[in-house]
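Read from first to last, the chains carry the letters A, B, C, D and E; within each, the first residue is number 1.
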Amino acid sequence: MDAAPDPEHEHPARPVVELTDAVALLGPYPALAGATIRVDPGEIVLLRGPNGAGKTTLLRVCAGLVPLSRGEGRVLGHDLRTERAAVRPRVGLLGHSNGLYGDLTVRENVRFWGALVGATGDEIDAALERMAVGGRLAEVPARKLSAGQRRRTALACLVARRAQLWLLDEPHAGLDAAGRDQLDDTLRAAVAAGATIVVASHELERAGSLATRTVDVVAGQVRSVA
Amino acid sequence: MSRWRVALLVARKDLAIEWRSRVVLDQVLPFAGVTMVLFAFALDSDAVLERVAPGLVWLAVLFSLLVLVQRAFAVEAADGALDALRVAGVDPMSIYWGKGLSLALQLLVLEALLLAAAVVLYGAEVPAEGVVLLVTTSITATPGLAAVGTLYGGLAAGFTGRETLLPLLVLPAVAPVLIGATRAVESALGTAGAATSDGWPWVGLLTVFAVAFGVGGSLAFGPLIDE
Amino acid sequence: MTTTDLDAGTPARTSAPRGTGTRATRVLGIATVVAMAWLVAFGLGFSPADRDQEESVRILYVHVPTIWIAYLAFVVTAISSGCYLFGRKKSLGFDRVAGASAEIGVVFMAVTLIVGALWGRLTWGVFWQWDARLTTTALLFVTYIGYLAVRRLGGSHHQRAKRSAVLGLLAVLEIPLVHWSVRLWRSLHQEATVLRTDGDISMDGLMLFSLFVGVIAFTLLYVWLLLHRSRTMFLEDLIEDRGLDQALAARRAEAEEVRP
Amino acid sequence: MSRWRVALLVARKDLAIEWRSRVVLDQVLPFAGVTMVLFAFALDSDAVLERVAPGLVWLAVLFSLLVLVQRAFAVEAADGALDALRVAGVDPMSIYWGKGLSLALQLLVLEALLLAAAVVLYGAEVPAEGVVLLVTTSITATPGLAAVGTLYGGLAAGFTGRETLLPLLVLPAVAPVLIGATRAVESALGTAGAATSDGWPWVGLLTVFAVAFGVGGSLAFGPLIDE
Amino acid sequence: MDAAPDPEHEHPARPVVELTDAVALLGPYPALAGATIRVDPGEIVLLRGPNGAGKTTLLRVCAGLVPLSRGEGRVLGHDLRTERAAVRPRVGLLGHSNGLYGDLTVRENVRFWGALVGATGDEIDAALERMAVGGRLAEVPARKLSAGQRRRTALACLVARRAQLWLLDEPHAGLDAAGRDQLDDTLRAAVAAGATIVVASHELERAGSLATRTVDVVAGQVRSVA
């Protein structure tokens, strides 16, 4: 609605994510119970909190997959209540599951997602290398991979997709030590290229060292960490 | 990237998966074949059989359609790829066209083989002038089937128990195709003295159905899978 | 008719209606009862027996009105689905009317099917015939069962509304198929005698009148049921919303416990 | 813990899942109903229809069997529970009996309703002395169907593309049941002048089939899902 | 074969797991390429190693799910080549997936697994409490749980199953900090009750502090860590 930047805010740029008192239901259950959060461009925000607190739901709300029941939300300038379809093209979500096609090889998976945004062969190769799933692995069908290799492939797909807002749900799960380093590099590179990142994770040390800000999610609400 | 290019990407991916896993060729086709043999068993009378052969072929096609649609969306749902597609902002209409296209191609192959099988199994005979009608019927019936299958396949994909919601939605909706295609094939084969010319109005009906459901589905698919 | 929008954003109304009845519906209910009594009187009493079908023709006065009202109900479903889908406000009131109307339509249609089958037993000697009219009727019935199944898939009110609205608009396209099926296929079933396009009505006057009494009675019944059912649905949604308020409070209290 | 107690635990769990999700009642049953309507439509001739009604009922039962088996093992495979069962050292024979039992119960309910529907829909008539035969046929045919379905359902569960491997394995195997049960029901209904007494030998066949596949399946299930 | 304890070994008790030059194929690929490992009763062994090294395969071989192609293996005194069926009743495996029935509630899931070994209602409740999925959560259908809650439920099922050998594949994945503490307690309690545990994990600090021994899995082989 008001496209002009609001002079009162500390950050001159328009926030990438802005939820105000957001309530989201899973069945009858208020998985988000009035969450307020604001994420500015270029931030890497870590969501932490106990199991079942609502981190996954928060990310899915931002991705436009779960509708808001009450409250307000804007993502990349679009209203989550009315323009959910417009939000999506520029959001990349890595959920608890990987979204891979088991019968396609690693390379074909990454190529499919890359092709949707017109990525070239070189960019696909670069994405594969980023998460170290090139070489021999690139030609293995995704269903035959180990758990960590699948997670790596999913991250490579995300790299190829070149989203503006990255929503990552426990990206560390299943990654070995080297993979975690590669993930850090990947995320730094993405931010350098203009992306904004929200990560939910239980690997507090790892993710905390990367994040520019940490917020607590507790019982469906968001609390800033001092 | 234009809608059509994305749709083609989706279709190519689906066909690649099929090519890799060979499910249609290795399994659906024999399934349809077995179904037709079972029909023959259950009916158990040559005279009756020849009379109803066209209907049976299309019934076998319908059941195969259900299996194919289930498979097409099981592939997406298995690891949450449908969510990923939706979030990637892929236009639902492109997904619909892409998946519909790959489904239609697979169905066409299947129909060709089943019709051939019917000719052998049920002793149906195709007069020369019927061949054109036969081919046209397949080509007009298939998009309608694919359109309905893809539409409801997408709706059912997100839910548990989808194995069973799907037939409930699809079967009544494609009944007109079943009727139209059966009548058209009866005419093509000259079953029970039907004339070839009787078949063409049914082809018209099939075309109308395909266009109506193609357009309706393109518009409805987004809202149906969006939520 | 209840149009108060239960949009998720609006907090639950503090003074909810205590029932689904109002003075208007009570008047309507009485009118329905009276019309039903008239239908019984005309259907079983005043109207003559048929030449061929004898007494069994009286089934007509239930068979035909119920299917017509079922058509009407499905059309209402489609219209309110359209209003929901294309309306600016995305009012859930329309969704509830659509759902309620479809439920009533399915019930009425079940009556048509059962009564028709019994009638068939009397006149044709069998419960069911495989002609186009009967088959398409059965498929229409199943289609709306599917519609109701989709309504129960879960999700938020608006998700439910959107999904089912799309389906409601697609399903209504089958009605013409049922109506004209007799023309399209050679059929045993009664050709349209009342709603014929040439306007030539070929029926005994008193029979025709009884039929119209039936139509009026069932229309009243439909409207009465629709009002009550959509209000019940409104209350269900309201209860759900109240439940949400409580659930939210409970969840927020959880957060207090965690606070260090 | 004895084999039977474990089998009962497994059956109870399966029935609880069905009770929770209501898939059979809400979706398989209408599916079977629609199937029967479509058959009738495809055949489109009353004389033929009455003649073949018993066969159609059992065909509809077969297709429902496929859906039910798919569902029974989708439930196990969804989250790797089948692996967990195998590792937990649950005797495969108990799994087989348990799943077979729950499948048989669901099938029985379905058959009862479908036979009732056939009586109404296809205008079949049941003479009093046929009722006993009808019930016996159901009771002997069902365990055979459940035995085959469970056996191959377990085999297919471990593989991708199981949606389509399953019918391929099951349909030919149950063809004898289809034939036997059809003939027995024809006798029970007196279709085409068959006498009730003609039906009992078929019931014998069904019993033999059920026992053979029950025993064979109990022994084969372990090796089949083990590897 | 020889049931008598071997006097040459340091540990007098018979080893729980003993693989010698084990080779296991996944399709054509030798995921285990000659692994030799021995686990004695009461140990908690941590398997660590990069993604795709063969940790999951090793655990599945021990559980009797993947057959040996070459080499020898004995688990709980039974030969893996000939008596795989006998091995299983006393092994509990937690794989990458949880093995829950989505339509059943948490309690029903745990009760099912418990009932298989004749657990009483109290024992079921105790298992639920162990992983903190009692109370409200116990009555929620498993499909509605959050990722971490599902993992907890799977662990509770394992507790109810009372196995002698626990094979855990990344049990930490998805658990919050409290859950990890509960997991540690659970494993210690299991060992105290006579179980032996093999854990594959990338949470090296967490798992390492609990483990009595750590071994490296690299390219399908096992190396002891000094």
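In the analysis below, a residue touches a chain if its C-beta (ideal position, glycine included) is under 8 Å from a C-beta of that chain, and two chains touch if they have at least 3 such contacts.
The shown structure was predicted, so the numbers you read here are calculated from the model rather than taken from an experiment.
**Q** Using C-alpha centres only, name the chain that sits farthest from chain C.
**A** For chain C, the chain whose C-alpha mean is farthest off is E.
**Q** What chain pair has the highest count of contacting C-beta pairs?
**A** B-D
**Q** Provide the C-alpha centroid distance between chain A and chain C, rounded to the nearest whole angstrom.
**A** About 45 Å separates the centre of chain A from that of chain C.
**Q** Starting from the mean Cα coordinates of chain B and chain D, work out the distance between those two points in Å.
**A** Once rounded, the distance between the two centres reads 26 Å.
**Q** Compute the distance, rounded to whole Å, between the mean C-alpha positions of chain C and chain E.
**A** 57
**Q** Once you find the CA centre of chain C and the CA centre of chain D, what distance in Å lies between them?
**A** Here the centre of chain D sits 36 Å away from the centre of chain C.
**Q** So which stretches of chain B touch two or more other chains?
**A** Each of 21, 160, 165, 168, 171-172, 175, 179, 226-227 in chain B touches at least two other chains.
**Q** In chain A, what residues contact two or more other chains?
**A** Where chain A meets two or more other chains at a single residue, that happens at 27, 29, 50, 67, 96, 102-103.
**Q** Mark out which residues of chain C touch at least two other chains, giving numbers and ranges.
**A** Only 135, 139, 142, 145-146, 149, 154, 156, 158-159 qualify.
**Q** Flag every residue of chain D that touches chain B in the complex, lowest number first.
**A** Touching chain B from chain D are residues 21, 23, 26-28, 30-31, 34-35, 38-39, 41-45, 48, 51-52, 55-56, 58-59, 62-63, 67, 70-71, 74, 160-161, 163-165, 167-168, 171-172, 175, 178-179, 182.
**Q** Provide the residue numbers of chain B that touch chain A in the complex, in ascending order.
**A** Per the touch definition, chain B meets chain A at residues 1, 6, 9, 13, 16-17, 20-21, 75, 78-81, 83-84, 86-90, 222, 226-227.
**Q** Help me check something: in the complex, which residues belonging to chain E touch chain D?
**A** On the chain E side, the touching residues are 63-65, 67, 84-85, 87-93, 95-104, 108, 112-113, 115-118, 141, 157, 161.
**Q** Which part of chain E faces chain A closely enough to touch in the complex?
**A** Residues of chain E touching chain A: 26-27, 29, 49-52, 56, 96, 137, 144-149, 152, 169-170, 173-179, 202, 204.
**Q** With touch defined as at the start, can you tell me which chain C residues reach chain D in the complex?
**A** 117, 126-130, 135, 138-139, 142, 145-146, 149
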